[in-house]
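First, the structure itself, so that you have it in front of you.
Labels run A, B and C following the written order; every chain starts at residue 1.
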C-alpha cells in the first residue's frame, strides 16, 4: 500500500505542470480563433453594433487576452471553473451535469470492449491458425477499420428505426418519471447502441492485442515447461498464457482513455446524448473559452486519474514493477 | 535489406496490405488522368443510381457530381492526409524524443511534461478545436491530426535513445569528440527510427479516420473531395441513396485495413530482424 | 421523384397565391382551413435542434427562441391568414394609429392573468416597451427607436407616443415579432438581462414553462387559466433536443416524437418519409417566415464594384437548378429583395437575370476581364454561411457555376462565429452566401442589407461597402412616411433599384417544412405557425 501511495503522490505532483500547460495551450488556441462568444451569440439575433459592444463589456471580452488569462488562472487556483457565456451558467454545474452521462458511456464501452476483447482474444490465441482464430482476426480487422460515426448511424438505422429493439437517441426516456431499477434498465437500453458504436473498435484492438500477446507467451520457456509437464491445454491457456498476455492490455486501457473521450464527441452527437464530448463541441462552436478550458482540464484530470489507477492495477498484477520507474 | 523485404513479402498480412495500398496509390495517381475535371463539378442529373448509366458507372450525388471521380480523387486526399499527418507527427515526435532522451535533465523533464500535456487531451478533441478555430483546409487538417499523434513517436524515440545512448558506438562517438547534437542526429536517431516507423501505420490509419470524422462534423475542406466528405454528404441521404456513403465507406475501410496490415507485416519482418541482432 | 417534386412545388405556389387573394379563396383550400376541432389532452413531443442561451422572446426576437417561448409568452398580435392587416389579436384586441403618425393606441384584452396568478394590465405593456423592447431587444431597438413614452390611461389601454412620425404599417407588421409582453412584477427593479425568468419563463400563453433539462428537453404544461376559450388542447408539449440532422427523421419513424419543424428532417428525406404510414409532410405554416438565399458582394473589391461583373454573376446562376436540386423544389426562384409571398410589398416588375452563360461571358469580356491561358479570368474567395446545409450546398454549386464563366472560386469554410466575424466585422471576403430572413416589412429586415453607413460588426447588414445615395434617400423617406400607400410605393422603387444595381444577388426564397405524425391536427394553420402559440394544436388518439 505504501508503494501505491508513493506512486500516486509522484503522479499527482507531476501532473500539476501538465495541467498548467494544458490550460495555457487551450487558452491560446481559442485566442487564435476568428470570432468570439459574442459573434457566436449574435448569429441568433442580429442586432446593431451597440448591442455587440455592450455584450462584450458585460462578459469582459473587451479586456486584453493576458488579463483574461490571468483572471481565469486566478479563479482556477481557487478551484472555481468560472462562468459560461454560451450557456449563461456556472461551468462547474454544466460539467457535473454532463460528466456522468459520458462516464457511463465510456465506462460501459471500456468494460464491454475489455471483456469481449480478451475473451475472443483468448479464443483466437488458444489455437493460433485455427478457423475460429482466422474468423475472429478478420472480423476484428474489419471492425477496427470502420469509422465509429458510420457504425453508429447504421446501428441506429437497423436496430432502432427498423427493428425498434432500442431507442434511437437520448440517455433515458424523457420525462418518464421512472426511478430506481426501472430507470437503470431504461438507461441501459438507451446505452446499448452508442456503447456498441463507441466500443467495437476497442474490442477489436483488445482482441488483437490479446491474441498477439498470447502468441508471444506461447513461445516462452515457462509455457514450454508447462507443456512439457503435460498440463492440460485449457489450464495452460488460462493460467499461464492468458494471464501474462493480459498485462499489456491493462496499459493499453490507460492509453485509450483519452482516445475514447475524443470518440465520444461524435457518438454523443449521433445519439443525442447530453454528454461531455458534445459539450466540448458546443463550447468550441460558441467560442466559449472558459468552458472549453474547463472541459479540457477536467478530461485531462480524468485521463490522469485513469492512468494512475491503471498503474496501480499494474503494480498489483505484476510485482516486478516497482515504485521507481512506471511513468515513462 | 533484401532479406527484410523477402521476409515482409512472405507474411500474408504484409502481402495483402501491400496489394491494397498499391491499388489505392494507383487510384490516387491515376485520378487526374482518368478524370481531369474538378471532381466537384456537376456532370449530370443528381442522384443517378450506380450501374445505370455507362458514362457515370457509380452514379452521381446530391448535386450531380460523379461518384467515381470523387472516389478516385478522394483516395488522393485521404492518402495525402494520412501520409503527411504521419510524416509530420513522426518528424516532430522523433526530434523531440531524441532531444529529450539525449539531453536529459531539465530539458528532458520539460519536454516530457509537454508530451504528457498533449497526451492527456483527447486527440480528436484537440483536432476538432484546432480545425474549427483556424478554419478547415487540407494543411490545417493534416496539422491538427499530427497535433494529437506526435506524442507516441516522441515517447518511443526517447525510450530507444535512452537504451541506445549507453551503447558502445555512441560512447565511441563521444570519445572521438563529436558534438552531442551531431551524435544525437547522426548516430542515435537512425537507430531509434525503426520502432517509431512501426507506429506510422497506426497514425496513418487514425489520420484517415479522424479526417473522416471531422468531415462528418462539417469540418472538412470544401474545395476538395475526401472520402470523409463524401460520407458526410451521403449520410444526409443515407436512407434514399445509401450507396453514396457506402461506396466511400468501403474505400475508407479498405484503406485503413491496407495500412494496418502493411504495418503489421512490417512489424513482423522487423521483429525477426531485430531478433537476429 | 419528379412527380413528387412537382406536387410539392405546386402546393407551395398554391400557398403563395392563396396569400395574394387572402380570405376569399381560403375556405376552398382544405389544407389551409381554419382550426379543426381538436380533441383535448395528450403529450406532443417535438424535435428541437438547439438550446437558446436566452429564452426570453422579448429580448431575443429570433425564430429559435420563439419556437419554444411563443407557447408561453404572447405578443400583442399574431400573424394570420386573414383578418385586419393579416393579424389575429392576442394580448391586444385592437390598435389604431393617429393621422400624424406620432401615437398608436392599443386596447388590451381583459381578464388575462399571468401564469403566477397576477392580473395582466397595461402597466406590463408599458414596462415591456420602455424597459425591454426599445433598449434591449435586437429588433425593437430599430422599430421603437423613436418611442418616447407609453401612457396607460386605464388598465386596458396603452398609448405609444413617438418623437417622430412612425408608420402604422411598420408597427403592424412588426407586432407578432417584437411585442412579446413580460410580467412587470417579476422584472421591475432587477437586472433584466440576467433575470431568472429569462430561462424559467412566466407569461400569459396557453402553456406554462415546467422544466428544462439541459441537453435533453424542455417541458411545457397546459395553462388551465388560459383566456382562449377551450384552449389549449394539449396537456403537455415536450421539446426534445436532437442535435444531429438524421436524428429527427429516425425518431419520427420510430414513433419517439410526433413533430419536427423548421426542416429538421432534411429535404432529401421528405420524399421517402412522406410515404411512411402515419407521417405527413406539411409545407404550410412558414409563409411569414421566409428565408432568402442571397449572394453578398464585397464592393470594396474593384472587380466586383463593376456592375457588369455583378450582372455576369447573376446571369451565371441557374436559379431553377438551385430550386430543384439544392432545395428539391421546396423554394422559389427570387426576383428581388422582397419575397413573392409578401404581397403587400412585392414588386414583380424588376429587371430579371435569366440563366445565360454566353451573356455572362460577354459581360465579363466587356468589363475587361479576358480569359487567361488557363481559361480563368480572375479569382474570388467565397464564404458560404454555415447556418443551413442548403447555404453550404449552394456555395458548392456557385463555385461550379462561376467556374463555367472563368471565375476561379476558392471556398473558405468557417464555423458560425468565424463566418460572422469575417463577413460582417472584418469584411474579409469577396462574395458570401447569406440567408437573411424577411420579417414582414422591408424596414425591419431588408433595407439594412443595402443601406450605407452601418457600423462594422452589425451582423446580417450591408457590410460589403455598398453605397447608393438614391437608395439611402428612399429608405430614409419610407421610415417616416405614415401613409401606407405612399410608403408601399417607395418600397416598390426600392426593389427596382436593388434589382438594377445588384448590391447583392437574390437567388431563391424558401420556407421550411414540418413533418408530423398524422395524429397531430391543426399543423401549419397560420403563416408563422411554427413560432406561434399552438393553442389549437391537438393530438388524436
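Please note the rule applied: a contact is a pair of C-beta atoms (placed from the backbone, for glycine too) under 8 Å apart; a residue touches a chain by one contact, two chains touch by 3 or more.
Not measured: the values here are computed from a predicted model.
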* Structure fact -> Higher number of C-beta pairs in contact (A-C or B-C) found for A-C
* Asked: Relative to chain C, which chain has the most distant C-alpha mean position?
  -> B
* To do: State, to the nearest whole Å, the distance from the C-alpha centre of chain A to the C-alpha centre of chain B.
  => 22
* Asked: Taking each chain's centre as the mean of its CA atoms, how far is chain A from chain C in angstrom?
  -> 41
* Report, in whole Å, the distance between the mean C-alpha point of chain B and the mean C-alpha point of chain C. => 45
* Structure fact -> Multi-chain touching residues of chain A, meaning two or more other chains, are 33-34, 153, 157, 269, 284-285
* Mark out which residues of chain B touch at least two other chains, giving numbers and ranges. => 132, 135, 235, 238-239
* Asked: Where does chain C touch two or more other chains at once, residue-wise?
  -> 246, 414-415, 418
* chain B to chain C touching residues, read off their complex -> 38, 40-42, 46-47, 62-64, 132, 135-136, 218-223, 235-240
* Could you please specify the touching residues of chain C with respect to chain A in the complex? => 45, 52-54, 60-62, 64-65, 138-139, 141-142, 193, 199, 211, 213-217, 219, 238, 240-244, 246-247, 250-251, 253-254, 256, 387, 414-422, 425-426, 454-460
* Asked: What does chain B use to touch chain A in their complex?
  -> 112-114, 116-117, 119-126, 128-130, 132-135, 148, 155, 158-159, 205, 209, 212-213, 216-217, 231, 235, 238-239, 245, 249, 252-257, 260-261
* Asked: Inside the complex, what are the residues of chain A that reach chain B?
  -> 14-15, 17-19, 21-22, 25-26, 29-30, 32-34, 141-142, 144-150, 153, 157, 258-263, 265-266, 269, 277, 280-281, 284-285, 292, 296, 299-300, 303-304, 328
* Residue ranges of chain C in contact with chain B within the complex -> 1, 245-246, 249, 266, 268-269, 271-272, 325-326, 384, 386, 389, 392-393, 395-397, 399-400, 403, 410-415, 418
